[in-house]
Structures are given as structure tokens and as C-alpha cells.
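One structure below.
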Amino acid sequence: MATSEAALHSPAGAHGHEGTYSGGIWSWITTVDHKRIGILYGLTALMFFVLGGIEALVIRLQLHGPNAGIVSPQVYNQLFTMHGTTMIFLALMPLGAAFFNFVVPLQIGARDVAFPRLNAFSYWTFLFGGLFLYSSWFWQAPDAGWFGYANLTSTQFSPGPGVDFWFLGLQLLGLSSLVAALNFAITILNLRAPGMKLMRMPLFTWMTLVTSFLMILAFPAITVGLVLLMFDRFFDAGFYNVAVGGDVVLWQHLFWIFGHPEVYILILPAMGIVSEIIPTFSQKPLFGYPVVVYSGVLIGFIGFGVWAHHMFAVGMGPIANSVFSATTMIIAIPTGVKIFNWLATMWGGKIRPKAPFLFAFGFIIMFIIGGLSGVMHASPPADLQQTDSYFVVAHFHYVLFGGSVFGLFGGIYYWYPKITGKMMSETLGKWHFWLMIIAFNITFFPMHFLGLQGMPRRTYTYESGLGFHDMNLVATAGSFLLGVSFLIFFWNFFRSLKTGQKAGENPWNAATLEWAIPSPPPHYNFDTLPTVRSRDPLWAEDGYEKPPADEEPEMPAGSGWPIVVSAGLLVLAIAAITGHLWMVGVGVLIVFVGVYGWSFQPVYR
Amino acid sequence: MIPGTIRLDSPRASLYRGACLNPPEGDPSAARITTGRMPSKKATWRRGSWLVLGLVLVVGLAGCTGVLPQSSLHPVSDFGQRIDDLFRRIFWFAVGVFVIVEGLLLYAVFRFRDRGGEGRPEPVHGNTRLEIAWTLAPAIILVLIAVPTMKTIFIVDNPAPASSNPLQINVIGHQWWWEFEYPEQGIVTADELHVPVGRTVQLNLTSKDVIHSFWIPRIGGKRDVVPGHTNILWFTVDSAGEYPGQCAEFCGEEHALMRTLAIAQDSATFWAWVDSVKGPAREPTDSLALEGKQLVVNGICISCHTIRGTQAQGIVGPDLTHVGSRQTLAATILENTPENMFLWITKNDSIKPGNKMKIPQLPAEQVRKMVAYLQSLK
Amino acid sequence: MSQGDTAALEHHYTTTGLPSRKMLMWAFIGSECMFFGSLITTYLVYHGRNLQGPYPADLLSVPFISVTTFVLLMSSLMMVLALSAVQRGQKKWTRVFLFLTPFLGMIFLGGQVIEFTHFAESGLSLSRNLFGSTFFVLTGFHGAHVTVGVIWLLTLWVQSLRGKLGSEHSLSVEIAGLYWHFVDVVWVVLFTVIYLMQGVKT
């Protein structure tokens, strides 16, 4: 017998709309509330998404015709380096983190994450890392690509601070991500409400768990790769120096051992979001829930065994190429299985094509295309034509934009009511979707042809007479249309904050726990922790129950120490790039003081 | 007055002939035309789908042009053909999967849309047989792709079979030009790769500086050119012609202009070319060229360039011994004419900013003589 | 169940029954395994590929490092004893062992400093050859981890001197212990790979 309705409207629960986001700047700087941190991540990620998008538009402008001369070769190389780095590390990952932060504790019935101050630290380190990286535009932006192959990144071939900005910024961002991943893994394993068994967790939470483990195990590889680069650049070590016997291919292995799991880190959260939206808007539970979970886990595992498929042209030899080709093909299977399960979820359902559903559906359609071109890459001989050409640019934009971006934006439309308490305009949402999906295909579909017609990637121009002009022009036109579609989105996003219709607790009639509390949720999320009895707690008869509460629960107090430690790390990065030894001392001191202050500060005050 | 509607009997109604008629709730007699609202969901779906289909067709058909110079879909070698066969096989499997899966998805989203009415649809939690089926089906397709893939890997990723008596060519990548050595023929040249039709050629690839990638799409796939490593690429071209290529691994500022040209010639023509370029530089005959030679071999040129048979023995830049016989200059971005050569010597930093040929401004008269000499080096 | 009890339960409620902080340390150790694994792999890949000396065989002293290794292993023993003392509420032994652990750690670090200095004086540097690069970075990062551990343990020791480390704080000591033992295990691997598996002479 469900006591849910009565329990929800306890005195504490009624204060949901006030106090969640109130307070001045200081309360936001010292916040340890996962909901606020999620919002900070989300807004910052959207800001960087816009910057990365502008970089893309300039790239497309330069490529609209042969020898366009809009930017110099050096600036062009900086643009594509920053575009890639921004979109991956400063836009997509933090947007995912925004949802991990806001949604996961709510879905598992927790009051906050396991380590709220560590959570804040992750955010501030991300912000400072991103700002540090972007400050390079004022001095010398990095221009060796987002993947910075050695030995192009050596001081011999990349003198100046550009590459230093790149790797120092990435170290800060890597630390932020690693710490966040540790936090989320422990949160999901350890703070689930009673009855929330692993196989009852919402899919988004599951994918967050897998993604967290991927981050924990993959980031150290790039950390080491970058550390070796740092020693080469700052102290003349020989790790990637052919003259002393170093091997430049070592960089590629270390980078891609991180880099391949990284792309699963980028796609699994979006897949998790799609796995929430499709059932909700089909009004049917997810078909094959255990299989979808296991597929995600399997993708995570196998994802560590495919990295060298980025290196099929390096000359590793037939045996290595064969092994990685096989593992890459194998990983296509669990990926496909997820898609079939989503299809089966819709089958026989009652589909309401609201904005969140459109984006989730768009994800599936676009991701299939990206996945199929991925299978083409999985065959090394075929890949010898495709790799490093616009064919692979098309592939990864289909999976990362057509996939991750569509999925994450679906998440924005889906959870916006819960986060803000307002509904976004459905009309504008539809306009955004249709313009975006059409413009996206106009921009990126031609790139398949460009690649097959022999246009290499990362080239600031191309010769006329090679047949590249028309497709490039089409792609450029599409990219500007894409920009317009985002203008519609931002208009909708900000305007709805003021004038959006008031959202109730569960405007989509969804099944998971976050929809059982007010929108926006009160500071403490649940007045009492629910006991869960079903995978779809809000749909099932007796899906969950909460004892009544009569006073507000105690929550961790805000703290200023996380931002202090982040600031100390930023000082260290600045010290490294300016070469001032005394500043290193200052940075270390700030970090020490911050860590000590943090350790001795009680959580609850 | 309901916002967004007008009455049928209003003067503005004639403007909306053919628009949707929606009787408002509770007043079926007062027919109104809805204006300014989104059309019904069904129409949205249909309109959207036609639009998408149309765009796909337009973009798709645009891909069907003639044979483009760097096309990977019209191979002229055994290497390229093997790759193309494999690619087409995978491509058609992919098309099949695409049509079936996307088709089912589009069908589902129309067929099972919410048509109103109470209650939730029947919850279905899973079906083991289906799960097995749609796990096995992709697995089978992948095996059908994997087997020919593995076979091809062991051909293209191994050196040329000894029985094919391959012609050895060393390819050395530099920022931002290609050097070609024919060790058995004693030839060193740059930019243009002459190969004989019908004879197996093995390229031994390495780099003097950063990682590059050697790619001539019509001949076949690419191979990275890595400092400290030697990679191998072998092929037999089956039809004479000129096939352009580009560096395909980002190698710095002028990566985009690091191009090359493969010139496949029938056996007689090829060996005649070999004979013409394997000796030392020709002595110039006309006075302008003679003066030019003095300027070149006593000037800054020799710090980077080699002209065999003279004191120019620099090894930083391309070998110029027979530069007059080349069709192109500067990694094939310029046609080899006296005017272009003059431009390159005097203004290379604006043609290819950041390139390594950093020389002071030389007087135009001098450069003209140097050009005359270099053009005579056929 | 009273509200106060529920609050206390919620503060300490965990799904697995394990304290979150302990799980955090284990997960962190997982990432550290990948970190050191990558560094060790780099060392192994570059082993024997030096183009010039000084070579590992010229410099590495197994006897000397065996002693410092033993010292580090003993420090882990001290750590075990420290945890046991804290758990039993034995304040005096807590202070003793919480001091001895970092003390032995500092002796180990002293040995590292002596060795690094000797190598540097023999001409080995980061830029000299691959051995210089890989050796200094790999053992240097290990030493940095030991240093962090020493500072952490000394902080706990000071807490114990101030009487603030009763048995209810044993989790803090246990977590420091996990970290310390991990750093020790990494050293065992390093000792094996660098000193015992010297192999080829270049």
C-alpha cells in the first residue's frame, strides 16, 4: 500500500521551491550541494560549448572554399586544437557531470553525494582548468591537435607556451574528472536508499557508475603520458626524443589507452539519458533492462581493449592490427544490442513525441550512422583509406554530436523542469530539434564523401580541382544553420526561467525517484529516505514508500576550502607556464593550507 | 476570442483558405481556423521525414561525381583494389543494417504514437529469444567482415612478397615535403614519385622530424611515416597516370600543403626517366644559366640543397640535381615554371607561411639568373 | 525509531556497510595502480635501449637498496602495529608506532636522496639517456608518494600527541594505512623491476 502521496506532502517537503537556489555569491562559492554544483557544471559547460562552437564556425568559414585565407595556418591549427579540446573536456564531459551531479543522488534516493566538498573541488578545478586553457588565446594557443602527437609536441617542433597551456590545462581537468569519478562511484555504490538494489537502479545511474570506473582507470594513462611530455618539455628528458632512443609511438599508446575509454565516457551518459527518456515517453518500462545494463558494463570493459584501432596506420604489424580489429568489431555487438532494446521499448508503446523524446530518438538515428561508419573503420585495411581523412571526422561527429550532444540536450529538456521548476517551451524545443537535426546532417554527412574523395583532416585549406569545394561549402552552410538552432535553444532556455509554465513534480509522468519530489527539489532532496521496491518506483503498485518526517534533515554545511585548494592548483599551473619558481612555492603553500583546513573542518556544522 | 484563431466569417479568413479547421471546445457550430500554431503532430512527422529524406538524397547524389584526383573509390593498384573490395563489402552490409534498423525505428515511432485514450500500454520487460537473436545476427555479420579483413591484413601489413621482386623506394618525410630515394638506381629526388606500371613497388617510409603519413588515395591506403621507425607500403599500379596525394598526419603549420604526386609510367618511359635523373647535374650552356650556377653554388642555397656534381651538398632541403625536369615545385603546390620558381625563391613565406626555407631577400636580377640555371637542370 | 536515531543512521548509513571514505581510498588506489602501471610499462619498454651510459648495471646497487627496501617494509609493519594500537585504544603505543612509521619512511627517503645524488654525480640525468629519464621519473614519483604519506602520518602522530586519536578515529588511521601499504607494495614492484630484473647491460 503506497504511502507515497501522504509522505511527500509533509511540512518539510512543502518548502521545495524556496531556499533551493537562494543566497548570494558567497553561498554559491562555498556550496557543497550537488544540485547547485550540477547547475554550475551545466552553465559553465554550455558557455564552453558556445566557445567551441564559435571556433568550429571559424574553421568552417576558412574551409568554405579553396585557399580562403580567412585565418592564417597557425591560427587555423590553434582553432581545431582548441575546438576539439573544448568540446571533449570543457563541454561534453562537464555537461555529463552536470547530470551526474544533479540527477544521480535523486535517482538513488540520497541526500547528496558521498563527498560533497570533494564534489565542489571537482567543479572549481574544472572551471580554473578551462579558464587557464582559454587564457592561452591571449598569449599562444596550443596548435598540435587535441591529441597532441609526439614528437610534434616537443619543444623542438612546438616552441613557445602553446603546448604547455594544453598539457597543464589537461592535467587540471584530468584531476577534476578523476576526483569526480571517485565521488560518483562511491556515491552510487554506497548511498543508495534501502531497497535500491543495483539491478533496480535507473539506467542513467548505471551508466554513470560504469563511466566513473572508466574515468578512474583511464585517466591515469593520459596523466602519465602528459607527465612524460612535461618532463621532455621542461627538463629535456628523452621519453619522446628519437635522438636518445625514445619512441614517439609510446605517446600514442598512452594517449589512446585513455582516449578510447574516453569516448565511451562521452557516450555512455548520453545512452543512459536515452534509456530514461525512451521508456518515459513510450509509457513502457525499458525492454531488456538487465541486458542494457550488462551491455553498458561490457562496453566499458571491452573499451579498454580496443585503443590501438586509432593506430592502424602506424605500422604495428599484422598481428596487433588483427587483434584490435577483432576487439573493435566485438564491441559493436553490445552497442547494437542497446539500440535494439530501445526499439523494443518503443514497440507497442504510447509514444508522445515531446522535445526530450525527439532528441533521444535523434540520438538513436544519428548514432546508428556513426556506429556503422565505425564498423567500417574497424577493418584495418579499409581504415587505411579512412583514417586521418574527413571520413573519420564524419564518423566521430555523428557519434559525439549526433550521439552525445543530442542525448545530453535531450537530458536538458527532460530534467529542466525538475531543476528549475519551470517547463521549457515545447514549440521552441521542436524548432530547435528539427533545425538542429537537419543542419547537423547537412554539415556532417558530406564529410563522408569528402573523406572518401581523399580530403585529409586537420588541413587549413585544400586545392581547387580536387573536387572538395562543393561539399565543403554545403558543410559550411550547415554549420551556420546549426549555430542558429542553438540560438533558438538558448532563447528558450533563458526565457523559460522567467516565463515558463510551472512544472509539477512529475510533468512527464516518469517512473524514477527524482520525479517524486518537488521541482526544484528542496535543499535536502528527500525529507526521509524512501524504501524502494521496484525498478520503476513511480509506476509500480507499491513501488516505494517513505516514512513521514517532521523536521528538516541536517545537511553538510558549505565550505570555502575546496575553492582554495583549486586556486592553489591554478597557481601551480601558472607558475609552471611562467617559469617562476617562487610561485610554485606559493601554490604549494595554498594547496597545503587548503587541504589542512579542509581535513580539520567537520562536515556538519 | 480564443487567441490564435479567427472566425470563418471574418474578412481575414479568406487568407487562410485550406488551413486546418479546429472547432473549439464546447462550441462545435462556431468553426474557426487556427492560425499561427504548429500543425498537427502527424503532419509534423510527415513533413519532417520528407524533408530529411530529400536532403539525404540531394547530399547523397552529390557524392556521385566523376573520378576525382584523390578518390579512394577508384583504385589503380592491387593494394587499392583489395581495400576497395573490403570496403564495398562492409559498406553494403552497413547499408542493409541501416535500412532495416532505421526503417524499424521510423516505423515504430509512427505506428506506436500516442493516439489519446486512457491507461498505459502493456509493459513488456524482455524476451530472451529476441535478445539472443539480435546478439547473434550482428555477430554473424561481423564474422563475415572479419574473415576477409584478417586475410587482407596479412597481405597489406607485411612486406611485399620476395617473388614479386619489388622496386625499392625510400620515402623520407620532412616538414613539409617528401623526399624519394631509389637506392638501387642511385636517384635522390623530391615531391614527385615516379613508379613503373605493372611492377611491384615497395616504399620504405621514415621521417626526419615529426610523424607524417604518406597517402595517395588512388593507389591505396596510407601509412604513417614515423621518426625512428621504418614502415612499409607496397603496391603494383595497373594503369599509367598522375595521382596526387597529401600528407595525412598532422605535422605542423604547413601540413595542408605537404603534397605529392605519383607519376605512374609504362616501363620504357619509367626507365628512361631513371636514366635521365640518375647522373649528376647537367652543365648549363647559355650564359644566363652559367651566371646563375655561380650564384647558386656559391650562395646560400648550398647550405640546404644538394646539386650532385657541384659543391652544393646540403641535406636539409630537397635535392635539386634535376629540378628542372619536375612538373611541380614546393611539395607540388606550384607548377614548375620560371615565374613560380622566382616567386618561391623570393616570396615563399607568403605562399607557404612558416616553411623552413628562410633566406634573405635576394636581388631580383640574381634570382632570375639562379632560376635560369635551376630550370636548366633537366 | 526516533528522528535523532534516524539522523545518526542516515549520517552513517551505507548500502554496502563499508565506510565511504575507505571505499574512496580503495578506488583511488585502483587509479594509482594504473598510474604506476603506465610508468612501469614505460620503464620496461625503454629498458636496454640506451644509446649511451651510464647504464643501469654501472649504477644500481642492489645491496644498498635492499637495505632501504627492508626499512620501508618495516615501516609497513609499524603501520600495522599503529592501527592495532589505535583500535585497542592504546594511546601510548599509538603515539610510538605512528611516529616510527613515518620515521622509517624518512630513512627510506634519505636512502633515495643518497642514491639520486650518487647517480647524478656519476653523470646520470633526465636528459642523459632513457635510463636517466625513466629511472628518475618512476622512482621520483614513488618518492613523492612516500613524502605525502610521511606528511600525512606525521599529522596523525601530532593528533595522537594532542590526545585526539581515540579508538573512534581508527578509520582515519586505517585509511592512511591502506595508502601507506599501497606505496610499499609499489616499491616492492619497483625494486623487482628496476633492481632485480636488470637483464641486458645497455
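When the chains are written out, they are named A, B and C in that same order, and each has its own residue count from 1.
One rule holds for everything that comes next: a residue touches a chain if its C-beta (ideal position, glycine included) is under 8 Å from a C-beta of that chain, and two chains touch if they have at least 3 such contacts.
Just so it is clear, the structure is predicted and the values come from calculations on it, not from any experiment.
Enquirer: Looking at which chains touch, is this a line, ring, star, complete or other?
Expert: Line.
Enquirer: With contacts defined as at the top, give the pair, A-B or A-C, that has more of them.
Expert: Pair with the higher count of C-beta contacts: A-B.
Enquirer: Which whole number of Å gives the spacing of the CA centres of chain B and chain C?
Expert: Here the centre of chain C sits 51 Å away from the centre of chain B.
Enquirer: Centre to centre, by mean C-alpha position, how many angstrom separate chain A and chain C?
Expert: Their C-alpha centroids are separated by 33 Å.
Enquirer: Could you say which residues in chain A touch two or more other chains, in rising order?
Expert: Within chain A, residues 246-247 contact more than one other chain.
Enquirer: Where in chain C do residues touch two or more of the other chains?
Expert: none
Enquirer: So in the complex, which bits of chain A are touching chain C?
Expert: Contacts found on chain A: 111, 114-115, 178, 182-183, 185-187, 189-192, 196, 216-221, 223-225, 227-228, 231, 235-239, 244-247, 250, 254, 257, 528-529, 549-551, 553-554, 596, 599, 604.
Enquirer: Which of the residues in chain A come into contact with chain B in the complex?
Expert: Against chain B, chain A makes touches at 72-74, 77, 143-145, 149, 151-152, 157, 242, 246-249, 282-285, 287-291, 313-315, 317-318, 321-322, 325-326, 329-330, 332-333, 336-337, 339-341, 343-344, 346-353, 361, 364-365, 368-369, 372-373, 375-376, 378-385, 387-389, 427, 430, 434, 437-438, 441-442, 445-446, 448-449, 452-463, 465-467, 470-471, 474, 539.
Enquirer: Quick one: in the complex, what on chain C touches chain A?
Expert: Touching chain A: residues 3, 6-7, 10-11, 13-16, 18, 20, 23-24, 27-28, 30-32, 34-35, 37-39, 42, 45-46, 49-51, 126-127, 129-130, 132-134, 137, 141, 155 of chain C.
Enquirer: Under the definition above, what is the set of chain B residues touching chain A in their complex?
Expert: These residues of chain B touch chain A: 38, 41, 44-45, 48, 51-52, 55-56, 59-60, 62-63, 65, 68-73, 82-83, 86-87, 90-91, 94, 97-98, 101-102, 104-105, 108-109, 112-115, 120-127, 130-131, 134-135, 138-139, 142, 145-146, 149-150, 152-154, 156-158, 175, 209-211, 213, 215, 217-218, 220-224, 226-229, 231-232, 244-257, 259, 333, 353-354.
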